[in-house]
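The next part holds the structures, each set out as structure tokens.
In the two assemblies presented below, subunit A is common to both, partnered first by subunit B and then by subunit C.
Right, the complex of A and B next:
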């Protein structure tokens, strides 16, 4: 190899390198240039019913964290606007902001209760969740109050209040865990319906998320589940079953209530190919509070039986409620679909679902009943 | 005539018995610092052999040789010779092993006729050589372990290495390079262990070098390197005696250059540059921990500032919610985009480092304090940089200094800059592109024709034991396969002898 060929090869290499560089620049040409302090990050987004006119079908708002004020104090501002669709509402809101709004760090989407009941949430969910910037860990919540009231309350509080409130309640309390991903799975999945936490403002002015709203097949809010029912769903759906549960008991005409804390457990939903849904639930529990006339540990067997009967009864009632309202948040349709090749959603929910029976096998283990008890006399 | 025959028979016998001795001397003769000669001119009655680098030549010339030459005609046997020489520490021996070891310790060996199996050993070890005060290993410091470093004298450096190897298979071959300077360059290797291919390659390359003056071993390094376009050092250069010893023991070649305190060892792999001798002086768990920290700091140093630029410019989504406040709060008054901010600070650090390196040690320390505290604090207050970036940049500078080999730590600091620019252009994609270019380059590199990324590319699972973690000596008794040494085992660990049994019998 003489010198000129070496130079030639070298030049060709450099040419290739420069060419790939130019091509890559072209590829990245439309990349978004967003310096972190030149944008406004949306914390919470909300949508509800707008006016009757076509141009303002939706009413939306965002809550923005104003980090520029310094790290000591959190300043929250909310901007509201009307719009045709979710995306259009956001762009209307953006016009009112001095900086570009970025929805990549949105933590919660709030949906108005009336809006969810009457108009249905399909369009909003469809347009928001297809945005690639939206994170998977986003939470969705339905607000009983109108958006303006709810947002006014939120801006008075800490910026992370609502996301942390939801998360805390999902991990340690009664709410079944859900985020954008699980919600979309339930929402779009065949043979199952989505459920969304439902927030209210109490008379004292506290934001409370205790209820669970169930979305039916027309993507409208159909059913509201109370605290106890939400817990029953959590016991089936969640891995973590660490919750408190009050159980009423009765013996010899005496009435009382014990507080149960479940530590861990297993749950399983199955079908037996016929019209019976099998629920298996096993819980390891601690008894925290109990009435005077219960003597522990002698009454363990009695309590276990009472708790078992209580759960059985409650699950029957809950299932009945779902059947009456034509919703399926437990995903029973999906269980039958997985067993039957000719499964048809319409047929199943019209003909078969109302006739299904729930058969629950519940096993309760009481591990402890507190300390300082002198049971030996 | 009769006598002659007898003599012939004698010499034949002695040739057979003196076979090992001749071997030893022949083996030693491979080294250029070994000499054997006869002081008398007429007949080779007396034969003296020794390593020049190890013995005190003044005593030989002023005491030994005059006393022998004065009575050379009268001497008839070794014992007579022993009586003549006015030196202590003498012994007559025919034990080849003893002779071999003592020759390497600075004894001279005197034979009565060349083929005599017996010989006189005299201790003439030169104690002064190599004890220069200023050969501390300041640039490759290690808390534990010897602090002796190489000096500018080739003879001393050879002495230092030979002190570690009491073995005649450590061979030094001398080559003269440089038309004007005629610099002596010694190639050191373990004969019978180091792969001859490497030795030949080094010799070929050194012989074809066409230089006027050789300034330093790093000069030679650049001339004989496999790829002079690369920013990565392909040969390891060290001033530590223990590190050079380790490389030789593994089966690498060392190149000593007269006038340079740095020794080049080759072939090297990328991971050799992140080894500190301390790894081997501390227990292996501790050593592994230190090495993992060092390797982590390389990645941190390379990617932290680039990631800062990419995230703040493009990917605000990945910033944790709680960090957004401090980050934006500290950046809100800075008028520059993140790239300029980063480059401004990185250049400041490079300026400080360069100024500190050029100034005398004590002024340099003051400058470090002035630069680090005053400039850093002032630039944050003047809203030229954000305080978060100040932490990131100074940490990454700190991390780059953990690399034990100076050349490699320079390389790491240099390739940070293209990564920062790529991150500013294309964000995360840019960092990936930069990483791919660096990796592709590394995989193509070779050191003396040996792959640079071995044992990771090509993947050699059996040699992973001494790369990211430093496994215990029991597990690293073999030399690495990729060095293709002629002998597999470095040492044979003894089975552990517990004293438990003795205590049980108590």
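Right, the complex of A and C next:
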């Protein structure tokens, strides 16, 4: 009994000693705090081709919020620098900043179009995605303009402009949804190629993101898809199919165009075991604008047929374009991989992919045509 | 060799129900964060079969373990070694287990610090983080076996956070990644099993804490249920991971479970993974505490060393060694050594011991 009390007292002493030691360490730990006023949080980060010299292979920049200015509205500044690699460029940029840059809150990564076309994006992606601080929800975008021009435009705008622009366009508009996770999934995945939204500045000076850049096997920007083609990809890939779509129609020599709004739908891409890719698409739609020679509701059947043929033709052309350019943003290779035990990436893309045929089954339901009608029922 | 059984005081024992939590939480730990990638090295998308095979084998092993423990005087492995191999040789064999538990402890301890270092505190020295964890372990183990069992209970509930995360990943999941099924030969699948077995170990501490569980008809059933729960958790986690990452991407991701939590987006928490990493401390705590407890218990039984002294000693040693393991390579070396030792113990030693005990018991009963 006596013995155990001594042990107990001894243990308590040890415990107190260690506890005080820990508290001291914890106090020492306070010397490494990072006050939010004294760091700069990067909102947007960008990379493009630098000079020819090895030390400045890359040109990069960041856009940061200046919170400490004491002003009501956001003040954005951009810092640019050259560097050997992505990380090295960031550290070069950091040298030009009075405060430490923290990249944990980065919302968009911008890649230069020429850089993506000529040098390829592998090294930048590989170095960025291995950083634990980079989130999975951030967006990637390719910029047609040089980084300095694009960043100058962005600093004139609201701080969240670009991320919100991309997000809005992905949820309610034509862009297929993509973020770091889906991009890396397509980029590293076998039997699929990645696509990245492509931004341009219009003559009026607005930033628009309508096109889609497709990255090929060599991590280079190979193909640029126009607005309509981007939408066609979105209809296959995304859950949300909430888009506007102009469809040209023709009857008895009269030509016109209707505006289709799709509300919801289902899509499915499959392979039969032969060389045919099966696309199934079902859309619930509303007709918004239509020419005067269309009489609704009598012409619903005619319109459904026209829309169906239109989609069929467009998907055929799009698939042909992918085959001609040797890219596979739809992940057709992956579909074949999951069905064949002896699938080989090289063989598939060299021999089989160019000979595949796309067969589409499209079902269009026109639910209504806005609030007005032409005739009494 | 004395034949009288030393009884553990009734107030110190736990109801068999706790065996479920003890077994499960002694297995889950650091392995659960990176296992999916390690096993995919050989059987790729078929690696989940490896998990099932490993789980099934361990059920057989559990059967052997409880048979072995049933013929031990005190109900633990040390008295069993004394009974069958004599004092000196028995102690040497038990010492192997002590080394094994120590390696497991070191591996979990250092790996968790590594994760904290890489994901959160890149500039904080590892010994500082280690010291904080040490104090918590010291406090828990000092509280005795019942406190460890309590922590185990909570560490079983915490991974339920995972359930919510699965919901977020489903949007980005492609279950066709798991196809084509059975595209790898048996050898590759078994190699994946071998690679995955390290995530299942830790339950061997049952060889020492079994006397602390009240004996009843359902005792073994709870243990098997605990193991089944672990296997199912790993299986679901692996399937979800392979749907979320394709094999091409998985190569580049060292901690798939942690990286998966990055996709979680909550309006008031920008980066969910940090919450996840810290709550994982509760999950890695029971394996560490059980290992230390098992070591101190063995040393007390074998060499009569006071547990408080051995506890302090082991914690000091673990801290020193974890400082010496500077980089990922050295941690990997410890992991390899531990995996090798665990394979010897699980696949060779315990089955042999089981056969030996069975045969010897038969001979003795025939003599009588």
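By definition in this document, the second predicted complex is superposed on the first by the 344 of 377 C-alpha atoms of A that agree within 3 Å, B and C clash if a C-alpha of one lies under 4 Å from a C-alpha of the other, contacts with A are read in each partner's own complex, and residues count from 1 in each chain.
The rule is simple: contacts are C-beta pairs under 8 Å (C-beta built on N, C-alpha and C of every residue); 3 or more make two chains touch, one makes a residue touch a chain.
None of the values given here were measured: they were computed from a predicted structure.
Participant: Check the residue A:34 against both partner chains and state whether it touches subunit B (first), subunit C (second), both, or neither.
Facilitator: Once the two structures are laid over each other on A, A:34 reaches subunit B alone.
Participant: Give one of first, second, both or neither to describe whether A:184 is in contact with subunit B, with subunit C, with both, or with none.
Facilitator: It touches subunit C, and subunit B stays clear.
Participant: Going by the contact rule set out at the top, does A:11 touch subunit B (first), subunit C (second), both, or neither?
Facilitator: second
Participant: State whether A:65 touches subunit B only (first), subunit C only (second), both chains, or neither.
Facilitator: Once the two structures are laid over each other on A, A:65 reaches subunit B alone.
Participant: Have a look at where A:135 lands relative to subunit B and subunit C in the superposition and call it first, second, both or neither.
Facilitator: both
Participant: Report for A:340: first if it touches subunit B alone, second if subunit C alone, otherwise both or neither.
Facilitator: second
Participant: Could you say whether A:105 touches subunit B, subunit C, both of them, or neither, answering first, second, both or neither?
Facilitator: In the superposition, A:105 touches subunit B and subunit C alike.
Participant: Between subunit B and subunit C, point out the one touching more subunit A residues.
Facilitator: C
Participant: Which residues would you name on subunit A as touching subunit B in one complex and subunit C in the other?
Facilitator: 25, 32, 104-105, 135
Participant: Enumerate the contact residues on subunit A facing subunit C in the complex.
Facilitator: These residues of subunit A touch subunit C: 7, 10-11, 14-15, 18-19, 21-22, 25-26, 29, 32, 104-105, 126, 129-130, 132, 135-137, 181-182, 184-185, 187-190, 239, 334-335, 337-341.
Participant: Which residues of subunit C touch subunit A in their complex?
Facilitator: Within the complex, subunit C touches subunit A at residues 118-119, 123-124, 128, 131-132, 134-135, 138-139, 142, 171-172, 174, 176-177, 179-180, 183, 245-249, 251-252, 259, 262-263, 265, 270-271, 306, 308, 312.
Participant: So in the complex, the part of subunit B that touches subunit A is made up of which residues?
Facilitator: 311-314, 316-317, 319, 321, 324-329, 331-332, 334, 337-338, 425-427, 429-430, 433
Participant: So in the complex, which bits of subunit A are touching subunit B?
Facilitator: Going through subunit A, the ones touching subunit B are 24-25, 28, 31-37, 39, 41, 65, 67-68, 70-71, 74, 102, 104-105, 107, 133, 135, 160.
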